[in-house]
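Labels run A, B, C and D following the written order; every chain starts at residue 1.
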């Protein structure tokens, strides 16, 4: 895991080295004198070779210091902390919703393979995968926010609202509905197909036949004996979801103006806010690795054949 | 007396067991543990044993499809583990192998003709024009029809695929063929076809076979001599009539008595072994069979019995004999 | 001995994309109480499908019981509702399968899987069922049964797993045990252990066994009565001594002669030529005629019926028409 | 021997098969694919889109004299009419023509990007699987590193860096293809490696070794043809996701830039609520085009996967 993290940090660093200009370009005040610039350069170690700069950067990152965002004029850590939780709420809601929808329809699809329901859900899943999120988001805004004004166009709360407690929660949920639909459509599709193929594999196994031969009810056979096995590969993808919970869905958030990490990253890209970009990407890479680790651990937990010794 | 074609001396093949994050070797599966024997020209040596006893690994290590851990294998007097890659390649056609699984042993994307002829082409054994004739000759000898060469493996049944596998080996005119459970995956009525085919081909071309199987009756039928393996080691090796009439090792005795015989009137005394086969990763000390042996003595758990000739080429590894 | 189960003119077909496969084609057989019936045949002959049809364990689609009767305990199982069948499964009729490796659910303990069946059919509470499960494990000769009950299947060897499967099948004292190639995946010495155990249990409980196998040796040792199947049909049926002493159908004969026998020496095996016919493209007349050395004209035209030739010896072959 | 021959002939007769219906593995796949209605719908939709993208602009130019840059000053932001079946955009360009050009670009980006990732992925995965050991260890760590990056943010950053270099819009398209291609080889590399590792365990590879075949023949005749199936499936599905990536990037203004049209970029106008509400013809058709094309590819790819799966037989 450590070598992978080092590799990741090197690549992130290299990408930003490749970008024209340096950290100073973003901070530059046109009126700044040449001397002050040189001083600042020295202060930021920009006059030194890349490898030394990398060393300083890593040292700071290890201390939790990702530098200062050009655009927000604040420490990167603080900026991330402000917005990342908004992404988290949206993604978590979508995650829970997707699991609740996708797993049952995956199971139904698999147990009635080649039935009308199966085709219906399969086509539905393919629509979910094929639909560009920005287009789907815009369509929803047009239909439900602009045309019939059922939901708000954008944002996370009604402007100027000072509601607290349940009222605040209700307001947030009201704003969340449309982005939630967009996000969930995509993830339901993937998860459902995964569950379906895993389930199809499992219901052909001998032990499912054994369970039937014992005289168990079909429901017990499917939801206890088969599903328990089919979910083993599925839980591992829950771990992979971890970075997704924090990275947010950039485009969906941007379209609905959801104040999460997605629009911030877009803003950072457009303003070439390199410290912020590096920070976000480093964090996501770290979360990805952590997610893999969690996946491994859950795998061992749900599958008695791979017990950690 | 025919000449010795293959000589195996103290062959060992250990597979490392890796564990942990750093994939350190934490132990070895002793798949083949000190096996020695000789094979004469035109002879069939049968190898029997239960799953995991290392009979297949022995066969594959002899052909250097796997690297050895220790010991040596002489084929026509040359130690095959000392050959260079090029020398090995040139000797390959002389020693062939027939596999157990008729499904995974043929490349699904090649026609039967290509499968059988490709080694001829690759080694340049015969000229391009002759390849087809040789393939047709081999295919007919194996009981298939000429038009089959343009078909693909998935169009054939298990028995026919096994014939294709035999033709692939046969076409190179080998001297020695390892038959690795060639009939285990086949139905009874097809098994006998393949066994007969192998016998006929041996008579015609004088091949030497190393015939690996877990089926004691098939091994007895086809072999001249039979070796019994248990947990990576040979425990007994003798002429087939001698071995089946007068088994010396308690394991051989138990194995023979466990084979069901299709005769309901026959009442035999059975030796039913207790317990399971121990793991080859952690074999018992001394004689590996002592944990299940009905006759075990103190010495059996302490000392490894020597594999020795007790007269007339009857080899056995047991303290009690 | 009364008849426990009788199958009459059973037809189980599979409807595939490529056509209809007549896996079981007009099969009749019966099992008496306390008897072991050996069903022999090569792969694809329909012996397993016949057995699975009894408990309606045929995957549907594509499989379907098209016609016939399966009378068990005076009731026709083909007409039974799912609920009725469920009450018979694992209770009055239980099954052990070929692969002990894959037949047990890997994520539940051995105990859980046995207890489940006991609780379901015997109205026992969990603690009592657990005790019973441990007793069953002891009965099938598993050492340290009180520990094994909490073990997962992967922690046991193949032989031990098959013992656990037998424990599970016998837990509700079934009247009929269907053993579908119970020892095929096991080594010879382990096979001997399991066969010994099954014989032992049968003597103790008087359970009837339907033993499905391709190994004539196993049949000779275990069965009282033998049914030989070929291409979805019963070709010969007799008691075990009769069938080995006096096999009549050319297929049975070929099967017996094509296998080398340990205590006999033969120069050359007598093999049945050709392959098992493609189930989608069965030959006209007797399904065996293309491989039969004694085939006559009538064999190519007409399907022989299973007729009684001698006392309790039935064979489906035109060669014996005169005798009838 | 004579006896052997006799036995042989008997077998031949028994088989009794017609001599001329050889089902090669590919024919079997074709046969199974044809029976899958959804896959066929996908295939025909895709073919229709491709034909439209290739020949549409030519017809427009030589028959109606409309090119993607031609401005119709009398019809600015005009709704669909006979002259402009899908209306015009804010500077008076024909939407239908631009849509067809956009199709060319989107499809080309998809195909080229996937070609790049297939070449890189299968070579690297192949090397990793074939040689194993240390080589495999290093390559797989490298893949791990690449897989650590969230795909889209990285794509975005690279596209941004690209913008800073002020690449000419004409060449930008190629850079977009290359970036998407380079970022998406890892999945395929893993698949190919896994395939080769399992193929190496197959007995026909052991047979190839026992026959003493040259490495070259083992790789090109035995290993690669058996990995084709999974490469083709993942490439087909890859084209769909490459088109989605490109359109999202272009929608954000970081992909294909004007004057070259791309479907994603055409949808961008909808960020203006007026356009969104009243001038649907400007952004809905390109969005639908993306969706239909990707859907068609996924339907076809899905069917292809089923057809190539030897386990799946009805």
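Note that contacts are C-beta pairs under 8 Å (C-beta built on N, C-alpha and C of every residue); 3 or more make two chains touch, one makes a residue touch a chain.
All of these numbers come straight from a predicted model, not from anything done at the bench.
*Asks:* Give the chain pair, either A-C or A-D, that is connected by more C-beta contacts.
*Replies:* Higher contact count goes to A-D.
*Asks:* For which chain is the distance between its Cα centroid and the global protein Cα centroid smallest?
*Replies:* Central chain is D.
*Asks:* Roughly how many whole angstrom separate the Cα centroids of subunit A and subunit D?
*Replies:* 25
*Asks:* Please work out the Cα centroid separation of subunit A and subunit C, and write it as a whole number of Å.
*Replies:* Once rounded, the distance between the two centres reads 53 Å.
*Asks:* As a quick test, compute the distance in whole Å between the mean CA positions of subunit A and subunit B.
*Replies:* One centre to the other, that is 55 Å.
*Asks:* With chain centres defined as C-alpha means, what is the inter-centre distance between subunit B and subunit D in Å?
*Replies:* Computed from C-alpha means, the inter-chain centre distance equals 47 Å.
*Asks:* Where in subunit D do residues touch at least two different other chains?
*Replies:* Answer for subunit D, listing residues that touch two or more other chains: 7, 11, 15, 314.
*Asks:* At least two other chains touched by the same residue of subunit A: list those residues.
*Replies:* In subunit A, residues 114 touch at least two other chains, as defined above.
*Asks:* Multi-chain contacts only, two chains or more: what residues does subunit B have there?
*Replies:* none
*Asks:* Applying the document's contact rule, which stretches of subunit B touch subunit C when the two form their complex?
*Replies:* Touching subunit C: residues 50-51, 157, 159-160, 187-193, 195-196, 199, 214, 216-218, 220-221, 244, 254-266, 270, 272-273, 276-277 of subunit B.
*Asks:* Inside the complex, what are the residues of subunit C that reach subunit A?
*Replies:* Subunit C residues touching subunit A: 55, 57, 61, 82, 86-91, 94-95, 97, 99, 102-108, 113, 116-117, 120-121, 152, 154, 165, 168.
*Asks:* In the complex formed with subunit B, which residues of subunit C make contact?
*Replies:* 42-43, 157-160, 187-193, 195-196, 214-221, 240-241, 244-245, 254-256, 258-263, 266, 268-273, 275-276
*Asks:* If we count contacts the way the header does, which residues on subunit D are in touch with subunit B in the complex?
*Replies:* Touch residues, subunit D against subunit B: 1, 4-5, 7-8, 11-12, 15, 19, 22-25, 28, 202-204, 206-214, 217, 221-222, 225-226.
*Asks:* Help me check something: in the complex, which residues belonging to subunit A touch subunit C?
*Replies:* Residues 114, 205-207, 209-218, 225, 228-229, 232, 302-305.
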